[in-house]
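One structure follows; several queries about it will come next.
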Amino acid sequence: MSAVPPENPQGPPVLEMHDVSKSFPGVKALDRVSFHCRRGEVRALVGENGAGKSTLIKILSGVYQADEGTILLGAKEVHFAHPVESLAAGISVIYQEFSLLPDRTVADNIFLGREPVRRGMLDRARMWRETQESLSLFGADHGIDPGSVISELGVAQQQMVEIAKAVSLEARVVVMDEPTAALDENECEVLFGIIERLKARGTAVIYITHRMREVDRLADAVTVLKDGRVAAEFDHVPEASLIINAMVGRELRDFYPPAAGAEEIGEAILTVRGGGNDKLFSIDLELKAGEIAGFAGIQGAGRTALGRALFGIEPFTRGAMILEGKEVRFQSPRDAIRAGLTLVPGDRKAEGLLLMQSVTDNGMVSARAFARLLAGHGGSGRLSAQRMEELFGQMEVRAADYRQEIQFLSGGNQQKVVVARWLSLAPKVLIFIEPTRGVDVNAKAGIYNLMRELARGGAAIMMISSDLPEVLGVSDRILVMREGRIVAEHRRGVGEATVMADATGHTEAAA
Amino acid sequence: MSSETQDLNAVRARRRLPRINPIWFVLAALIVAIIVYNPNFVQPVGYMNFLKRAAPLAILAAGQIYVIVSGGFDLSVGSTITLTVIGSSMLLNNNPDATWWVILLMYAMGLAIGLTNGLVVSILKVPSLIATLGMMITLSGLALMWSGGAPRGYLPESFRYFGRANITDLPLINILPISLIVLAVVVCLLWWLMHRTNYGRLVHAVGDNPRAAVLAGVPLMRVRVSAFVISSLTAVTAGILLGGFAGVSTDVGRGFELQAITAAVLGGAQLLGGRGSVSATIAGALTLTAIFTLLNFVGLPQPVREVVQGLILISAVAYAMYRRRHAVH
Amino acid sequence: MSDAMLATRRSRIRFETIAPAVILLGAVAIYIGVVIASGQARYLSLENLVGVFNRSIALAITAIGQTFVILVASIDLSVAALISASAVLASVVMGGEPAMIVPAIAAVLVLGAIVGLANGLVVTKLEVNPLIATLGMALIIQGCLSAFVSNFAGSVPKDFQFFAYGIAFGLPVSLIFIGLLALLSWFVLRFTRFGANIYSVGGNREAARFAGIKTARVVIAAHVISSLCAATAGLYLASRLGSGAPWIGRDGMYDLESIAVVVIGGTVLAGGRGGIWGTIAGVLIFALIDSLFNIVGVDAFAKQVLRGVIIIAAVGFYAVRSQRMAA
Amino acid sequence: MKRLIACAAALAMLAAPGAWAQNFDDPEEFAKQREQLAMTPMGPEGMPWEQYLEDTMADTAQHAKEGPYTVCFSNAGVNNPWRVVGWNNMQAEVELHPEIAELVHVDAEGSDDKQIADISDLLAGGNCDILIVSPNTTAALTPAVERACEQLPVIVFDRGVNTDCPVTFIHPVGGYGFGIQGAEFVAENVEAGANVLMLRILPGVDVLETRYSAGRRIFEEAGINIAGAEFTDGDNAKTKSIVEDYIARGQIDAVWMDAGATAVAAIEAFEDSGLEVPVFVGEDQQDFLQKWQELGLTAIAPTYPTYQWRTPIIAAVRILEGEEVPGPEWVLPQPAITADNLDQYINEGMPPLHYAMCGCEEMPGYPERWGGR
């Protein structure tokens, strides 16, 4: 991969933020942060969760107002009281959670809030035409119809719509907040291509990410935030370790935990023979005790569907599932959990957290749901709030108070609580979907270690992730899926190129 | 059983943070105002009558809070009360010996109503507002069909005992209405179930985020349906008390569904689920009754009472939202 | 324009959009079946059918307004009280004088606008749950109203009764009015920026706000529309009854029935999906059922039971079919 | 809070005169009904539903027709026990007339709007030989009745309409009469200066407002102190609570009610407080009559007789046969139940809210049709 882009434009910055500070009750979120970005430049903004990236972006877009400091756009001082004003000034932010309306069409969404009007009526013809123009950025075969309803599009296509919206706004500055979080490798490449094109048009791109590889691949310059301050600033892309050091303030060796020794991997706990449903076909699979099995594949390859099938959310309609020698059939997550399976969902907010409940209640929910089952184990399996809180301590869940509502915790800590939920049930199989999405670097290592610990304890781990280095770094065995089938299996140490080739079915992807 | 020990530590932990719901202050202020207008209120007969009158609403609201915390509404409780009173009078037919099995039958009916509500919401996925609205219309129609439009029988004293009788000649408090004992038992039971058991936390979980709850293994349908069942059973209880207090009529219970929701809201419950407390809801029910009593003593005409009720309803929620917005995160 | 139309047609037809039509067809089929089976074919005359729909004018006007509020994910329980208040205000101001018709209509519309504005402000600025806000408003209106009048008050002049009883172009004026109101609402929702904003705000309030839509204004406007419609329904009832009384809204159950009709018409309580034609279908379904009950001679209590069951069944019918999780 | 109450009170004061703007206190009508109460009715002895107080007749020759007849009835609703009993009376009466082939009944469920539509449906149907209307409200139904009059003979009963186009309007003496009977009884049985509690169902209903204004007039004339006038919504629990509150605040010497459905709840409030039940005005519901007998009260039960539901059918048949009927108003007698004749009205087999003055004891299906055993 090419490390440095061919040219590094040195024009005056299109955007400058000087000494911006922002405090919330009890927290100084930003402390005299200065930041700039040039025309046609991709500036990576990196930092752990809670370092102040989101706050900075929200100030830039007018969601928050800075307590101190100035913002200059094209050398003119600006004040944004509302996102609308920043939009009008040419700043477009693509948030992590899409702000698309699921029941409206692509054209409706692209022109959301600024629909063209002719003689008092919506000018649909123009909306249609301009939508197609904006979409043309993605080449000829993007497959998005201006009239399709958003909920019928895939995640990557939805992201394209978000970008098309920014393009149609003729934004001078485009901010992307972890745009690849929901994308697979192939789609990432498409996205990167689009970013290159934006660059070529002279747009300044602020790119927020946790993934060093993307910084390497895309960025022209890097700003590192830590604890609300600028920890480092580079007008080029330095070595990843330098960035990481600046982010965490220490060197991160042993980022990935060691692999399992041959003696640690035991018998198959869960076996699937010829499993299939609407989205999956002839799945043959063994998940073994003590082993982390990583699942790679592009979006829509069926990895999540497989996790959901195993967990009884959308069960297999064909084939057989054998758990510890006995054939099982799960019709609901509850069946699966009772048999010893667990699942850490990918969309934490929508599927993992009980936002209004306390940290402790979030951790205890599964134990409570299976109180009778646990009591049946001779009482030893019972979980008290005190034991739960001790467990949080061991897992280094950081919270001011475990009785505080979980919505106020950081992503990494929230994820740990979701994992902790399962531990009291002594699960035999743990399915992790995107376990480190929205989790900062430091906490990532913690979660990898946790997975390894669980495997050492004799559990079978299934990890589904779109972060390929993560899959390759953590897993003992890598399975690649494509179009609802498992198409390849590799040992640890396989190269990214090989896996990508299997995932896409094209050998040229390896180039 | 396990839940008791399990949550004991949580109890201790929570006690460390005293946080009094403002509704208690409102209630206290109202009671002081009532005493100012009517000094007799401090006599046992005064406040006991007050509590006796509040008992059906308090019980009903304590059941409604289960449905609200689980993320729904139950509008069918008012007509469940009607059906209980009408049904009991029809079945009893002035025969005191039948009291027990009729009460049992009424609870069975409540169970059936709650199950239907819950299953319609869970399986047919009808929004609870509409499902229980339909149930409300259906049940009041059934009550009228059954009775032919007017009450057909009396409730014997053995049935009316719970809502009407007092234990007299007690030291200190002099009289103690039976309905107050019923209230105390029901409230303790429901408070314990909501705040001291696993089930109660699961109700919160389901109301907070049903998808997450299902993936965490919470039996969504069972929890939801049981919340509706609890609500219906409290409606039957309220019906037995109301029928006991005042006898049979075809419009007993009318409007109680909105009063119960109002009481829950005054107690700071979060509509659409996830937050709510039984004790604060009881305080809300007492507050609502105290407002009516006070307005009665002040001698304001009925229309003004409606205006005041409306204003209080809006301000209670507006105040709660204001506090939530300005809470330190 | 033309290719835009094409585009919407190209996208897959979703079940929810045709469900109200399916239920309506079912209701019509049952109606015709029963009428023929019971040998009362005279009920199939055009005149009678017009009569059937003429039963539900007030409900239709209210429900059209309710559609707007539900589309922005709010709800309006104050319509019944407002209908009573408007009818009383209209007939008191008119006091039988033809000269006072215009001032009375103006007064009623101003009242509607004020109530809608108050509802909208309480919902958006004080962030009170709309259910509670409008329920409180209903109590306040009803209380104020019954403080001033307790029976039919005032009277409308004969000229004004043209609204309810007049015939133009061979059709009842009120029916033409409903047709125009529905067309206007459809036009606003489908072809104007404001209409697009209604769907956007209902679909995802945060996203709409970030896109620069003044969401509070849209919600307030929806409430004003709903209240104006309710006020108009009050005018209609005053015209029909010759006077206004403080109970006509409540006795007509216009609050709950208008919500039921909107939901049966396929508009989702969570907002952002649905439309006017569904609501009109919902009203027609109710009108047909009502008329059917009269033809068959179902007694009043059984009618009530059936109505409750039908509401649940109709909403259940496509709630099961649409994949979304119910609140 | 204080300010709020003050504001609300000010609002209420403003409201008070408004509420009385309608004339439910008409001295002429009061005097007329007082006179009618004392009249000896004309017509067959012992059959008050066929008797009449005013001696004017309506000629019906023009409506004469060959049977069998289809009689149509637009009912305001059966939304209270009084109307339920009445509706049963009417159906039983129809069975006594073989010349009636069919009674077509539409129920407006208490909605004016619906009743207007119902009447026009009946007219459009074209089957009716005669139309009976029990209007939900007077003013609202007037135009609909006027239109019906153009097509066929119309009988109105219970509440009237503001037109004299119907062949006859059947009603008992009326609300003033009801109020007079009860209040005069109270005045005879308590000292001047005694406290009377007036319990009313709800404001604005014409037939109830006139009862109240008549009662009030008589109490004022007799120098009786009105301790309070409260609305109960016809709700037992509310009634009992209100009476309990009044008992807590002071002596009550008499209770006057504008309708008796919640009388027993009011009596229980005295019983449960361990007090003597004061002089009491109820109505002819069985539960009240039985309680009265059981406790030996000093009481009276004015009535608004449900037998008036029989009369429209009788009138309908006579009109269609061309016989003359009392008209344009057919004023029925309106007796009160007193201690002297209490026994003959009590029937423990009847439901609690059965109206004893139904004149239905000899009718087909008695007592089961009325829910008795």
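In this document, chain identifiers A, B, C and D correspond to the written order of the chains, with residue numbering beginning at 1 in each.
Operating definition for what follows: a residue touches a chain if its C-beta (ideal position, glycine included) is under 8 Å from a C-beta of that chain, and two chains touch if they have at least 3 such contacts.
Since the model is a prediction, treat every value here as computed from it, not as a measurement.
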Chain labels contacting subunit A and also subunit C: B
Subunit B and subunit D: spacing of chain centres that average the CA atoms, whole Å: 36
Separation of subunit A from subunit B, taking each centre as the mean of its C-alpha atoms, in whole Å: 44
Chain centre separation (subunit A, subunit D; CA means) in Å: 74
Touching two or more other chains - residue numbers and ranges from subunit B: 149, 211, 301-304, 307-308, 311
Where subunit C touches two or more other chains at once, by residue number: 144, 146-147, 299-301, 303
Multi-chain contact residues (two or more partners), subunit D: 11-12, 15, 78-79, 203
Complete list of chain pairs which touch one another: A-B, A-C, B-C, B-D, C-D
Touching residues (chain side subunit B, partner subunit C) in the complex: 71-72, 120-121, 123-131, 133-142, 144-145, 149, 210-211, 258, 265, 271-272, 301-311, 313-314, 317-318, 321-322, 325
Touching residues on subunit A, where the partner in the complex is subunit B: 24-26, 311, 313, 332-334, 337-338, 343, 345, 350-357, 360-361, 364-366, 368-371, 374-375, 379, 382-386, 403, 408, 421
In the complex with subunit B, residue positions of subunit D that touch it: 1, 4-5, 8-9, 11-12, 15, 78-81, 83-85, 87, 203, 228, 231, 233-237, 239-242, 244-245, 248-249, 261-262, 264-265, 268, 272-273, 287, 351-354, 371
Complex contacts: residues of subunit C adjacent to subunit D: 42-43, 47-48, 51, 54-55, 58, 144, 146-153, 155, 161, 165, 237, 240-243, 245-248, 251-252, 291, 294, 297, 299-301, 303
Subunit B-touching residues of subunit C, taken from the complex the two chains share: 122, 126-129, 131-133, 135-140, 142-147, 256, 259-260, 263, 269, 299-312, 315-316, 319-320, 324-327
